[in-house]
Amino acid sequence: MRRMEAAVNAESLEGKVSVVRLLDAWYPICESGELEERPLTRKLYGRPLVVFRNEAGSAGALLDRCPHRNVPLSLGQVVGPNLQCGYHGWQFDREGVCRKIPGLCGPAELQSRNVESHPVREQDGYVWVWANHESEPTGAPFPLPKLDAPGYTTVRRMVEAKGTLHATIENALDVPHTSFAHKGLFRGAGRRNRIKAVVTRGEDRVQAEYVGEPRPEGVVGRVLSPSGGVVTHYDRFILPSVAQVEYSIGAENHILVTAIGTPVDDFVTRLYAVVTFRTRFPSAVVKRVLDPIAMRIFAQDAAILETQTDAIVAFGGESFVSTEIDLMGPQILRLMRRAEQKKPAKDGDESWRLEVELEV
Amino acid sequence: MRRMEAAVNAESLEGKVSVVRLLDAWYPICESGELEERPLTRKLYGRPLVVFRNEAGSAGALLDRCPHRNVPLSLGQVVGPNLQCGYHGWQFDREGVCRKIPGLCGPAELQSRNVESHPVREQDGYVWVWANHESEPTGAPFPLPKLDAPGYTTVRRMVEAKGTLHATIENALDVPHTSFAHKGLFRGAGRRNRIKAVVTRGEDRVQAEYVGEPRPEGVVGRVLSPSGGVVTHYDRFILPSVAQVEYSIGAENHILVTAIGTPVDDFVTRLYAVVTFRTRFPSAVVKRVLDPIAMRIFAQDAAILETQTDAIVAFGGESFVSTEIDLMGPQILRLMRRAEQKKPAKDGDESWRLEVELEV
Amino acid sequence: MRRMEAAVNAESLEGKVSVVRLLDAWYPICESGELEERPLTRKLYGRPLVVFRNEAGSAGALLDRCPHRNVPLSLGQVVGPNLQCGYHGWQFDREGVCRKIPGLCGPAELQSRNVESHPVREQDGYVWVWANHESEPTGAPFPLPKLDAPGYTTVRRMVEAKGTLHATIENALDVPHTSFAHKGLFRGAGRRNRIKAVVTRGEDRVQAEYVGEPRPEGVVGRVLSPSGGVVTHYDRFILPSVAQVEYSIGAENHILVTAIGTPVDDFVTRLYAVVTFRTRFPSAVVKRVLDPIAMRIFAQDAAILETQTDAIVAFGGESFVSTEIDLMGPQILRLMRRAEQKKPAKDGDESWRLEVELEV
């Protein structure tokens, strides 16, 4: 217990867990439709934020602590363009400037009375927050693909896992575990096939292409393509936190899952997922069949990630051993670490290419 | 999470939270009527105490740990003049002296077998404990006013808040928040009035007098004085932990709320409140109407204090910004800090005087 | 709270609590009958272990963390001779050697992929684990006595207490507390008798013999021997963690309670107890009457141990004071400490002998 308890002190995990913090980046903080009159509480890399929409309809994200007496601003309410604290009624605009102090006879505005604010954008149905309140945003949030393409249907889901950003995204893009953790749902129902994977790198991404993969054996494969067909399958990670899985089966069936990871804190990650697909079948039918399966697969993954994270915390840090068929995990971590250290892609990195044989 | 978890380690809050410890002082630990045959567990500045009344009727307060095998004495029972541990039956008197060890053939008394004891007084319906077990009490507990005055009615209440002693007492004496947190109950129902506050200091106290204040707009004002009248209103803090609010409305209505703060630990405070009043109305009616309102006001304050404290702990310390209308808070903290450091009142302090305009 | 919270950090208790760690020793980890198809999670000195029985019927004990992605192996299942992780299907044998990695085209065996394993024995109805995964076992587990003796009946029970190994075993062998904590059940129902105890030491043990003890007054004594008779009573501690109580009352009644302590972690101890007895009465009747009483006595002890442990943690360490009638506790701790430090028994230790008068 001395040993174990000590490990629970998160400070002692520093350097022993593959926690990476990419602060200069946009992350979805909620769906646009979720943000109505009531302010929302959110965390980003452990920082408590209040996200609100003022009466003009513009979203803001402030540190969730009133500078006056440190009560969370999320307990207050929106008044005109401002968010009002529930304790003494101080009001702050979207930039965090203190605009009103009830009872005070002079003006409210004073630098020391402001609250830290984060840049906010609304795009593709999400409210995005720039994680670094001290820097200006560079570029726009990741553009979600195919949202409006003809013939495509889009489904949005948010799921939360107790796992580091890195472990959660590795899980989302990991092929080998699907035969075990999701046996019968996705893979692993029949016998295994030896296929080839080709891993390539871009400056902000890594991609695995699976060559010679048969149609998935499980329920998912049978629904997507009852008659079989040639399978094209890509798994991609794109900085800072995009996990993308693309399947084409035959000419008619195309499914693209794009999940953006939002680091709630170092050990909790939300995935804001957009699934766009086109199939032979009516999209309503596909949606009705696949949605519960997808949610069940995720529930299994979330359960595994939680036990993994609990073990990492209990043991005082990670102790991972990878093999050559862990195609994506080490690559993702390498990209994240380089981005955290603001290192450029290495010379010749673009031409890097790895071929691996594996059985799925 | 690394950042946040670290902050939960209270050691790291040292110096970042306005925790003040006034050990050489009396605090109410329970009402006299609460202390019957069963010993009570209490904490004072985080020290676990057992408070008991022996068969002769005298109250004692001991460290709640048997010196023999460290089982809490509060699980035992009173036997004659002593408190008996429930594990092996060791007995201790009110001074903590070990008087009996069952099974032992020799005498029980031996210095190393004693348990630390605190001075105890019973006064004005409370059992008071001197917080420093290593010093002799100087002076008596704060005398509660008007308990026996003709025409006055007295009501006692105990409420507990998750807040530092300082934050809880500031809250009890804070005027500006009443318009927001207690909207309609106390203030803030109608339009605001500009009034003047005069703040003066004594050696062990600070007082705010409100000049030109109209009768409170809310329910409380209407009950206390349906016909209006001149309002006299004082808020006082008296060392170590007395918060006092005094209202006179017209000639007939006088209400005096005296709350003594007891520091359960650095972040939990009990207020032992005595309300004495005289009104035009029958006191039973006033009591029945005002009691639920007062308890509701306190419940709102307790909820706010808890969110404030949780935020302070989560953020790793306080970060307060005050304005000129925070009349009492900074003064209370200054008095407490000087008392903790055993500094005398400054020369000329008695003549210090501050006038502030504010809107209530 | 600063003081108290700090104390909860178990690191700070190092050296202030009589925690002793005897790693080179066998401890029962479960009953043999408990270990079926499903792996069990257990802790030993805070180390999370998975205990499993493979298809050939052999038991294994591995560190409960897959070396690949650190998911607990206890969430997996037995496959042939191996335990299979539930995340990616890696398989490990009883020695912790990685035997299979699904999807990998090459061999699985590689030193870095192994998981730490503990020696395991099955004996006398228990699965025993050697607590030190880095040393070879010396000797066999403690042989449980009288299991097969004619005329004897055996009952097994497992109880868990929140207490250090030392405090839990002291409690099991402590006579003075029985008059208080178990008043009427065991002792303390009538008036006290002065008796003599003789304490003697062996190299790996300490024994107290009670001379002149009357038949126990409580329910237990009346059931064991309604007609009275000469009482012989020994309490023994045998390294590493055996607590043994032996009673003979008259010629016909003999009861031997052997409890082996298993350190779950520094503050939680399991007692695997074997009760063997022979009485005048039919054993089924004795069992039915005494079992609930024994379990009630233990529940009282477990409650006391928990409050003791909570107090020790809250106060930041132990602060024990012993008297001469604490016959066993200091002796047990001394033996444990010497064993932990691998010190031999002192010269002349065998002839050490202590006589103490006490009232029971």
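Brief remarks follow.
For clarity, chains are labelled A, B and C in written order, and residue numbers in each chain start from 1.
The rule is simple: a contact is a pair of C-beta atoms (placed from the backbone, for glycine too) under 8 Å apart; a residue touches a chain by one contact, two chains touch by 3 or more.
Source: prediction; values computed, not measured.
Looking at subunit B and subunit C, the chains that touch each of them are A. Look at the contact of subunit A with subunit C and you find different residues on each copy: under half of the numbers used there are shared. A straight line joining the Cα centres of subunit A and subunit C is 47 Å long. Looking at subunit B, residues 9 sit in touch with two or more other chains.
Subunit B contributes residues 1-6, 9, 167, 175-177, 179-181, 192, 194, 304, 307-308, 311-312, 314-315, 318-325, 357-360 to its touches with subunit A in the complex. Those residues of subunit B that touch subunit C in the shared complex are 9-11, 13-14, 19, 46, 48, 64-65, 67-72, 75, 85-89, 101-105, 112-113, 265-268.
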